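We call the chains A, B, C and D, going by the order they appear; numbering starts again at 1 in every chain.
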Amino acid sequence: MKKAIKIVTIGGGSSYTPELIEGFIKRFEELPIKEIWLVDIEEGKEKLEIVGAMAQRMWDATPYEVKIHTTLNRQEALIDADFVTTQFRVGLLEARIKDERIPSVHGMLGQETNGAGGILKAFRTIPVIKHIIEDMKIYCPDAWLINFTNPSGIITEAVIKSFGWQKCIGLCNVPEISMMKEPEILGKKRAELTFRFAGLNHFHWHKIFDDEGTELTGKMISNINTKNNGTPANIYSAKFSLEMLKSMNLIPCGYHRYYYNAKEMLKHALEEFAEGGTRAEQMFEVESTLFALYKNPDLCTKPDQLEKRGGAYYSNAACDCISAIYNDKKLHMVVSTQNKGAIPCLDPKSIVEVSSIISASGAEPIAWGEMRSAERGWLQLMKAMEECTIQSAITGDYGMALEAFALNPLIESGEEAKAVLDELLVAHEKYLPQFRDKIIELKRMGIASKDSVVMDLMTNGR
Amino acid sequence: MKKAIKIVTIGGGSSYTPELIEGFIKRFEELPIKEIWLVDIEEGKEKLEIVGAMAQRMWDATPYEVKIHTTLNRQEALIDADFVTTQFRVGLLEARIKDERIPSVHGMLGQETNGAGGILKAFRTIPVIKHIIEDMKIYCPDAWLINFTNPSGIITEAVIKSFGWQKCIGLCNVPEISMMKEPEILGKKRAELTFRFAGLNHFHWHKIFDDEGTELTGKMISNINTKNNGTPANIYSAKFSLEMLKSMNLIPCGYHRYYYNAKEMLKHALEEFAEGGTRAEQMFEVESTLFALYKNPDLCTKPDQLEKRGGAYYSNAACDCISAIYNDKKLHMVVSTQNKGAIPCLDPKSIVEVSSIISASGAEPIAWGEMRSAERGWLQLMKAMEECTIQSAITGDYGMALEAFALNPLIESGEEAKAVLDELLVAHEKYLPQFRDKIIELKRMGIASKDSVVMDLMTNGR
Amino acid sequence: MKKAIKIVTIGGGSSYTPELIEGFIKRFEELPIKEIWLVDIEEGKEKLEIVGAMAQRMWDATPYEVKIHTTLNRQEALIDADFVTTQFRVGLLEARIKDERIPSVHGMLGQETNGAGGILKAFRTIPVIKHIIEDMKIYCPDAWLINFTNPSGIITEAVIKSFGWQKCIGLCNVPEISMMKEPEILGKKRAELTFRFAGLNHFHWHKIFDDEGTELTGKMISNINTKNNGTPANIYSAKFSLEMLKSMNLIPCGYHRYYYNAKEMLKHALEEFAEGGTRAEQMFEVESTLFALYKNPDLCTKPDQLEKRGGAYYSNAACDCISAIYNDKKLHMVVSTQNKGAIPCLDPKSIVEVSSIISASGAEPIAWGEMRSAERGWLQLMKAMEECTIQSAITGDYGMALEAFALNPLIESGEEAKAVLDELLVAHEKYLPQFRDKIIELKRMGIASKDSVVMDLMTNGR
Amino acid sequence: MKKAIKIVTIGGGSSYTPELIEGFIKRFEELPIKEIWLVDIEEGKEKLEIVGAMAQRMWDATPYEVKIHTTLNRQEALIDADFVTTQFRVGLLEARIKDERIPSVHGMLGQETNGAGGILKAFRTIPVIKHIIEDMKIYCPDAWLINFTNPSGIITEAVIKSFGWQKCIGLCNVPEISMMKEPEILGKKRAELTFRFAGLNHFHWHKIFDDEGTELTGKMISNINTKNNGTPANIYSAKFSLEMLKSMNLIPCGYHRYYYNAKEMLKHALEEFAEGGTRAEQMFEVESTLFALYKNPDLCTKPDQLEKRGGAYYSNAACDCISAIYNDKKLHMVVSTQNKGAIPCLDPKSIVEVSSIISASGAEPIAWGEMRSAERGWLQLMKAMEECTIQSAITGDYGMALEAFALNPLIESGEEAKAVLDELLVAHEKYLPQFRDKIIELKRMGIASKDSVVMDLMTNGR
């Protein structure tokens, strides 16, 4: 009989945690957990304790004996872990605010995982994930790392390809939501449909077939502008060009709007920013509300307000993935994993987000085959941009960071792009040890940290 | 509700047919067949009638209403077919005898699907399969072609890549038998194990994992020389080098002995030939016995003697594959299908034999990822040899045929190899229209058809 | 002894022709031409006659007997040609004006060979070059096609890959000018330096080495913003980021500014447009001046004013290339030719612009080797965009045209990009037979041809 | 002005050295050498002194002041070297005798650079070249390594790819001799012809064009069996199949006979062995004669008998290559260098033997483009075999050595192949530290070192 499971969640003080706990509770019969360690950092200690207590109450309200541990000592937590999940945010919500504000102020897209914001998020996260892997090699060399931390594909590539930890799967809720919403639009049950995804995290396409092998991709495309097939709530629903999609015969993901409708998306984002500030700032309020609820010692179920938090169904993805590994389920999931040739125009060693079979051996991608010219070009561009981001994040190569910015289709290249990079580096100084020398140089040149501005705004804006 | 199924079997007069019929009968509840058309050629008419009557009796003994049709008119049979299965042998058993005898006389391996014999079998079969595809494009453009005809991988590549028929799956019983035998050797149930195969038809390797993700490949290798893991009865069991297999950490297929133990295999084959003639000749007797049985109007179940015929479990593969398509099963099977990147060192358009998911959309390979140097080299060599074979089979390019011979590791290159090719071309003249000019030239040069010799032998030898 | 040479120049009525003639005159001793056929279309007849007479006078002023023929009958001209050069512009300067004006009006870059303008130029040119190749297959199957017509790389790819004419070399003066200017900047003679280029037409990088193998790339980068290394006069000299270039250690071409300094380049282009209209309109005046000069029956040498015309040294490239082929020179030139693996991240069959050896067998690229991530991504993106352009140009697939627009980094994707495409299609209706149905549909939807506006402007503006 | 050159020759005591010295003397005006260090090992000390004195006399008979140093201290010699040439043979001629005898005794091909002998030569040489590279990194980090040591391609791949020394070029006289002999056969001068080679060392093909771009490959093929185009004297001239070569339209190298005429070549080799022992044994006599001559204090020019030694024109290749680098000649040579995409079916990082341009920056391959199926398959197989050889040579992985043997087309796989490997390992024990544990195991199992037998034979046989 298999042993009971030890879960470790890095960034355990997140407001998401109750969602994750609920997911584990629902699956306890197939996924016999014995202990969950919530790990966080000093700055997040208070939240960690609130969430930890809430999580323990949730379990205590069930028939299952599961112990929640909270700790700031990651190494202690990792000892003999079976599954490590990551949902931390380096620099907390404040960092996201800067990622979104600074480009916006310059008239560029300020977005959490795409464009300049996504690159900087990777710059902050990669040094931290490197340390986590170093710890895992010592304390839990057989554990699976289930990565939620964004930009999920880039982080997963750094973990597997740069830091050599093979047992890692990157997750995202975007494909899952499509597979939940589209059957209804097509008048089918989910079980009757076969979904096949390929691409990169937040940059994938999919196809749909019914149980007679008939392709329904075109039918879904016809509905894509009128029926919500799961575009995350935070993405403005600019209309796709149906003529283009029909020529492609692929269903894009919601994030593709940034690339296929760049003008509308930027215009809308800047308007929104002018009106209400960044998405991240709006999150503050949601977060405050949630933590206020979590403090209630009588609350022992996930509050409805968490749904609004974004990232819904993340716990489905995480818990399903962990259970598929534990129970050798051969489950179809769309995850970030090593390409292995599934998308032949990318390096077999690259990380891609692709329809995979999840079993006790991890994720095995289903071979997608050759892409048409356009999608091939997009993927190769985006993967190159990701590679520059990772290399720069590891080495602190500033010229390479500029290359990542120039390649990124959501950043208009040139001097202003450089200015955005410089301000972001200075603003995130604390979390960017690899760029220390460059940041000192920038500060000497008078590049102001926008910290004070941002912090003021946050203080006042909440 | 899905419509009832029409099956067409090309080469329906084969002694295999009752096995196939039995497979369909067993699966009728999930695979509601309404009619089966057995197609054969004039020379096979008598056998066709015997087998057809036998097949009808088998159905009549069940509660199901299925009509067997026998015909020499392929086009009539193909109209609106749902599944077409091929099990024909161009030139009948006599041609196989020549494929096996002529190389053997020259001290080379005479084998049905490997070496010179396999190449010539492809030369005879490819022009015929081309016509079948032309007919299918007209009479049943939506049908699936389930190919059994050997060399199965080469024929499937010709069908999909050269003749442009995408809905084709090539089958072989070799992987199926391994998956039946190995669980017992490992002390496991089949359902507890995950098998992953990759390579080419009759040239693949596999790995095994248990339901905790632990790899059992090494354990199976340790047993490979002492316990039969499904090597076809017709292959001599030379001992693999365990040191080599352990370095590879891959389980070879039975046919790999021809490549890894070339000296022993050739020696044994020539001894066997010296004693009892070719394998093909031994088949004659089995065939006679079977048809004698089939003539018995009281027989309405598959006779036990058919098991000896070789090709056991072929019908499992065929019927399971058809049912997986019909019922959208997402079944793991090992089939010849388009690579699509699953084996990155081969062209995404090449046909490979690989662990796949069989659904209503056909076969989707599971990405295997990069091969080590040695296996990569072997596959690239064998695929090149297959490509030369196909190109030569289509164009009649004699120099290219010599290249296929030179590349083939089971043919010692040089003048004697050329002599073998020349004799085989002349011997199979009737079935090689593409080489007509060359054959005329060879005959003028005095290359004797070994027909008379072979036929004498067959007449006397039986 | 080799036979005397017949040259055919398609678009012979161009104001460039005297430059080309001068190039041939200078090289007559090594390149013994006997006749030059200048071919043009009905609309260009007047210019053709003026240029033809001028060209004959140029030869008559030399000791060489060379006959200039002018004709509107391309097929007659092509008979037994040795070299065919193309310098035609489908739709004349008026079409270029539309290519540049229409995007500019929408706030996008209006440029002859990059962005929307370059794609439309390909759309107009590819159907014409197809017909030229069809004629060449009949009338001069052994001739070399030396292509000047822009977008030179895309046209060369269509000629070689889509239309199957292998004996084609695409030329551009951009690399040639760099190799002329940079030695001086580096304080070296050209013969002391080795230049190595790789990339695509108008999108290549290069490296420089001295005669001891020391790389001077970094030194040239240090000078790139202060000394003109040959950026075409029509490209605004935005400052490159030296930090990025030093990280790359590659010297970009002048056109890279559109990609590395997108914001500044667009801003400048729109300002220029607001002030003085398009570049193409400015050309009208230059052209008028030139033809006025050419009419002078006493003029028998290339007038100085032609230098301003742009495209200087084009004739160097063309005549050097022809001579290198004729004389089997093994000359290093940078040309558009089949990749053959020289840039491993692109298809061996793709056309690239790369350092090559020009001999009697044509162009052989020097293998460049693997690119770093960023440059690999850029090239793969741009090649995909080129492929979509060519496929759309051949088939008239409108969705594919939208994909080319979306991929193109100089076009901000979205509804306005579509509007630009639509207006351009309607404006160029006469030259876009492949898009006829779509154009009719667009016109029905009220998309106005901007023809009248443009023509008015041209009439008034000159 | 460039500084005068320091040459270091590892294995300087070889009887080849006077040929190399002659080559340097002839080119002194373009290649101003100041000192040549001949390095050898203790066992070769006597020969080294003889050859060193001879070499100094050769220079002293010229007007040039060049100092010959002989030393057993490699590190001292390497200090500030400009060019290091390697011509050492690990284990001396005795080792070659074993490489050739042991397979022959088992009825397999015993050949210096192909088959089992070539693999074992690599096993012995790679650990030594590794140490040389380690020394060069310290004592002459800017030097070029010009490698003659066989198997030249494999050693060059180990140097560049495994040990990271980029400034290495591998040389062989086989292409050079073809380019010397074939012009005469074709009735042309060498300067009128363009040769293009691609493949691997001792496994390449070439094409020929005249100065009008006409291909003469087919004409050369027609003559290949009747006129000697430079097949090394030690290779038996079995007749190629002209039909196969014409289909290929490529001129094979002499060594291809082992692969295309395996049966004849093996038969002949075994006959020769039965009659006169191995090639290596025959070399003993030649060597003795040469050293007797070299001892003559009056001899100061290369004796004619050296021509018979084999390896003629090696010094041409070496001295031309060094001069082309020193003088930035852009010379066409066929060398082993990094692929960089020139042969697209092989890894850009692999070492190939290919037409290259030799300049101050080293070797740049000319892109060959895609291979046809057969040649692609051969190259991929051979490269995989080379990779297994190198990996096994570095790690001592015995299973991998068996894989190299199984892949090698000149070794019939199976138990006897293993026996040959085992005997060779034991026989070369002294030079195979990486296989020490396996060799101890083999000796315990009673695998006899054939040393005594071989040494007896050598003692008596000379």
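The rule is short, and it goes like this: a contact is a pair of C-beta atoms (placed from the backbone, for glycine too) under 8 Å apart; a residue touches a chain by one contact, two chains touch by 3 or more.
The model shown is predicted, which means the values in this text are computed figures rather than measured ones.
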Contact-graph distance - origin subunit B, target subunit C: 2
Could you find the chain whose CA centre sits the greatest distance from that of subunit C? B
Give, as an integer number of Å, the spacing between the C-alpha centres of subunit D and subunit C. 47
Approximately how many whole Å separate the CA-defined centres of subunit B and subunit D? 44
How many angstrom lie between the centres of subunit A and subunit D, each centre taken as the mean Cα position? 55
Two or more other chains are touched by the subunit A residues none
Who touches whom among the chains? A-B, A-C, B-D, C-D
So in the complex, which bits of subunit D are touching subunit B? 238-239, 241, 243-248, 259-265, 345, 373-374, 376-378, 380-385, 387-388, 391, 397-400, 402-404, 406-407, 409, 412-418
Contact set on subunit D toward subunit C in their complex: 2, 194, 196, 209-214, 325, 328, 330, 332, 338-344, 348-349, 357, 359-362, 364-370
